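Multiple structures are listed underneath, in structure tokens.
There are two complexes below, and they share chain A, which is joined by chain B in the first and by chain C in the second.
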Partner chain A sequence: MTGLGWHLIRGYAILVYLFMFLPVAVVVLLSFNASQFGSFPMTGFSFRWFVELANNDAILRAFRTSIILGLLTALISTTLGVLASLALVRYRVPGANLVSTLLIAPILVPEVVLAVALLLFLNFLGINKSFTLLLFGHVIFTLPFVILVVQARLVAIRRDVEEAAMSLGASPIQTFFQITLPLMLPAVLAGALFAFTISFDDITGTLFWKPGGVETVPTQIFAMLRNSISPEINALGTVMIVMTVGLPLLGAAIARTLSKKSGL
Partner chain B sequence: MSVEAREARQPWILLSPALSAVALLLFVPLLFIVVYSFWLRTSTGADQVGFYLDNWQEALTDAFYRDILLNTLKIAGITTLVCAVMGYPSAYFIARSRGNKAMLLLLLMLPFWISYIIRTMSWINILGVSGALNSLLLSIGLIGEPIQMLYNEVTVILGLVHFLLPFMVLNIFVSLDGIDTTLEDAATSLGATRWQAFLQVTLPLSLPGLAAGGLLCFVLGAGTYITPLVLGGPTDAMFANLVFEAIITQLNWPLGSALSLMLLAVLAVLVGIYNRYLGMAQLMKGLG
Partner chain C sequence: MSSVHLKNIVKRFGSFTAVHPTDLEIPEGHFVTLLGPSGCGKTTNLRMIAGLLDPTEGEILIGGRRVNEVPIHKRNLGIVFQNYALFPHKTVAQNVAFGLHYRDVPKSEIPGKVAAALELVQLPDVGERYPKALSGGQQQRIALARAIVTEPDVLLLDEPLSALDANLREDMRVELKRIQDKIGVTTVFVTHDQSEALAMSDKIVVMSAGRVEQMGTPEEVYNTPASEFVANFLGASNILDATCRDVSGGTAQLEAPLFGAFGVPAAKAGGVSPGPARMVLRAEKLLIQPPGTTAEGQVQAEARIETVDYQGQTVRYFLRVGDTQLQAINMIDERPFEEGAAVTAGFRPQDCAALPVEAPR
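Moving on, here comes the complex of A and B:
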């Protein structure tokens, strides 16, 4: 397609891309600013804010909390999600549509409402604001995403490979671990990565569930913003950008290599 | 047990962990706050169990809550509109581009992966008193003093648009990409101009995607409280901020329950209307 209209659309789209990327680019740029204020003008290039970051105990603690929380969330969410996706893709489940909607429900409910309901109910049961509550919250919030991602990939796996294994004498359990699981691995990894990233980034629910004194990386940034925007926050932002953009790209690359190896 | 019965049970065994999680961590808690919203938080801080309508009366009749609810719907509505206006041409560009579509889409979806709190606070670097825009205007002599551009309703909407635009673009793209481009060619060969062909063929066919993106933007926008806290002023609280205040600051949990349910009810009506006319399948397409 050519013509003036198309040029206008392209120009418009470029502006939208700039709108999306410019603020993020400025965060990265300012994180290398030598000035002691987190703002313009740039006074020189420096790594000092990254060094300060690495020496900031509160931030390191927040990173540890976020990573442990993210890994446990990914582990539990992916296990539950993969089992449910297998059932939905591989079996004729009566009322499959209703079941799918129920499983997706946690993202249809506004996160604030989910956060309040979970906090008050578990508190009623005697589970106060704690790491456990955070973990429960993150699992229920990430589960629908895992199910959506895993289900989409599972559909693509051909059943006849499994049937061939079974007809050659493999038991259902052998077939699962030697055929199905390796074929599913990219889907499982994609789901886990999704769960980890969403958990790592979550702040809306986390602020309700976290006990006093415990911070995840986003809540730590939020607390630091209360004062003013320091160059350290920009440096932390750069680290987060590298992590959240780098990890999925890495995951996609691993998934591609794995699926190539398995010959699909 | 017969083989058939075992076959029939297997999917439910696989589904039971996830379904129990959703039941115990979402549905039962939601039912619980329905009950809780009729309890009373007494001045001693203890809950008085019973059936009191006080919280609901306060939530539904207090003009303060009503105004903020209306303001929240307004902000979410404007945000959705801006997302549609910015998102549609961009999605159209990606869907009809002869270049690498997947790459173009991935590029626009990239910010989706970048931390929400970082993206929100990044606007302080741009619009703050010592931010990029003020520095630029000062250096070219357009202004003599830095202007405070932050902490108002416009910056809240700006932050929300920046957060939600990828959802809109993705949904519109999915539906535009599924439209056979020869339809538009057929229309033009029958005498329609390109613009007419777009308005009468492509646009109507892509409306489901636009609606799905719009619903997501509206619901996510209306449920946020972080963006107003970071980019809004003292008077820019949204409804979710009231919930946060009631639950975390005032510790009035029964009132917080009633307010949460009010927000849920308003948004559920919207989702219900959407589901009635378009069905959930379109939404799932955009999410997967």
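Moving on, here comes the complex of A and C:
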């Protein structure tokens, strides 16, 4: 290919990235705008919208809901994911392939379909929407990510290391906590982080499942957008970006340090 | 320290029988090797002793006590695995100390025991390192230290040397035997390497396709193989058709087409009765000499060298006697014979063994 061809491709790639990230950059930039309109031109630099955000009760409530929901989702999803992975990798479960496919399926099914299906199912059972139901929904579609990450790690942990621990006198449970869990900890943390960010980020399922009066951060933003584009939303967007991008990066860094220390 | 007894053990995986009825007694303090080709059921036997597999039939006794229902972590064993299986997230000292935490060892005594074990495997200074920072041979020594520091009743080793390179393997072989002698623990060693088995064992159990072919001291299995399989698996043997004329007075009279009539000690012709038989002659016992050599007490035949496989101190010849090919492994005296040379091949009758003709299997 000619030098010109490469230049065109490079230019095209840059344009694609600009298209993807420019809006994000604009939101972050405008969140520091002193003007009372959430748009250009910038009239000065200010933390004003972040302060307003911190004083907005509805948003604070939404944040608390999102964080609690995210933490619980991460906790439950990770626990279930670790147990499911152990069962699938370490024990001969009859129909393991089928179970595995079923557990991974929520990734493949469009979220709207999943959301509606769960809702109809609960209607059929006569159960009302509640926070527990919302949590349940989040666990269902974060579980596959946890399982994929943890399973991949577990497969790489040699069985004879666990057998050695048992031969030395550790019971199966002691072996799990002394050997297996520490060895798969980076994957478990990564899985938990995935679950948290996915839950924190989610809007489709949440809109379907949330009971009246409960808002998460994404649904709160969505509701605010219906009235007007307030500069507060830019500030909120910036906080969301920091949380959903920064947390996984932090997690990856922690995982790397951990696995270095354990000499893997 | 305890004896181990496999009592009429059978192990099936689905419809496949990995271990056919086997009865095996390993006396207290002995070093017993399970020897056989890959897939013959050695690991399966070892894992049943360990409690990592349940026998389909039969009993396992350790120290006279039935342990079928005792889980692995309560059997007080030491196991050394082929790939070391050290805990990668623990230091060497933590690895070695691991088993001590599950026994009634006062905390204050643990560092001393760990140091003594590291001393025994001649790696006193690596306690603070992680396994990854050690060579394969060092890792295997640590695995051994970890397995014996708890003073197990039985030490089980599954091909512990096969991941090491050749030189190191021979050093570790000597080392392992020295340590076993010193602590005197009952040891079951699994290998497919006949020289390891011959060098280290008090008793060798030769296995094939899930069955025990022979159990005996290294000399017994080497000099008086109980089957053609054993004769072939332990070193190179020439196995030829022969006819037994008579067994009497401690001698079995054989007649072989190539070598004529000669008598082998009846002790080396167990189960042979007059009629068709097989003669077994180890390649090292077939001596290649200049043509026309006559030697007192040798059975001889004229032969021609076909291939010379030079190995330094020894040489392996493939030679032809009549229309039969034989092999001979001889020490080299000055220079090996050349390919195509006419020679006299001979052996002493007492170096030959005889077997009954085996039913085809």
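Rule of thumb we're sticking to: the second predicted complex is superposed on the first by the 247 of 264 C-alpha atoms of A that agree within 3 Å, B and C clash if a C-alpha of one lies under 4 Å from a C-alpha of the other, contacts with A are read in each partner's own complex, and residues count from 1 in each chain.
Just so we're on the same page, contacts are C-beta pairs under 8 Å (C-beta built on N, C-alpha and C of every residue); 3 or more make two chains touch, one makes a residue touch a chain.
Since this is a predicted model, take the numbers as computed values, not measurements.
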| item | value |
| --- | --- |
| Combined model on chain A: chain C and chain B, fit or clash | fit |
| Touching partner for A:S167 - first (chain B), second (chain C), both, neither | second |
| Touched partner set for A:R158, first chain B, second chain C, both or neither | second |
| Touched partner set for A:F47, first chain B, second chain C, both or neither | neither |
| Between chain B and chain C, more extensive residue contact with chain A | B |
| Centroid geometry (CA): angle chain B/chain A/chain C, rounded to a multiple of 10 degrees | 100 |
| Chain B versus chain C as contact partner of A:F177, first or second or both or neither | neither |
| Overlay on shared chain A, then closest C-alpha pair between chain B and chain C (Å) | 5 |
| Chain A residues within the chain B interface of the complex | 1, 3, 5, 9-10, 12-13, 16-17, 19-24, 26-27, 30, 37-41, 79-81, 83-84, 86-88, 90-91, 93, 99-114, 116-122, 124, 136-137, 139-140, 143, 145, 147-149, 151-152, 197, 201, 203-204, 207-208, 217-218, 221-222, 225, 229, 233-234, 237, 240-241, 244-245, 248 |
| Chain A contact footprint on chain B (complex, rising order) | 7, 10-12, 14-15, 17-19, 21-22, 25-30, 32-33, 36, 86-87, 89-90, 92-94, 96, 98, 107-108, 110-111, 113-119, 121-126, 128, 130-132, 134-135, 162, 165-166, 194-195, 219-220, 222-226, 229-230, 240, 243-244, 247-248, 253, 256-257, 260-261, 263-264, 267, 271, 280, 284, 287-288 |
| Residue ranges of chain C in contact with chain A within the complex | 50, 52, 71-79, 81-83, 85-89, 98-99, 101-103, 130-133, 143, 146-147, 150, 156 |
| Touching residues on chain A, where the partner in the complex is chain C | 158, 160-161, 163-172, 174-175, 178-179, 182-183, 261-264 |
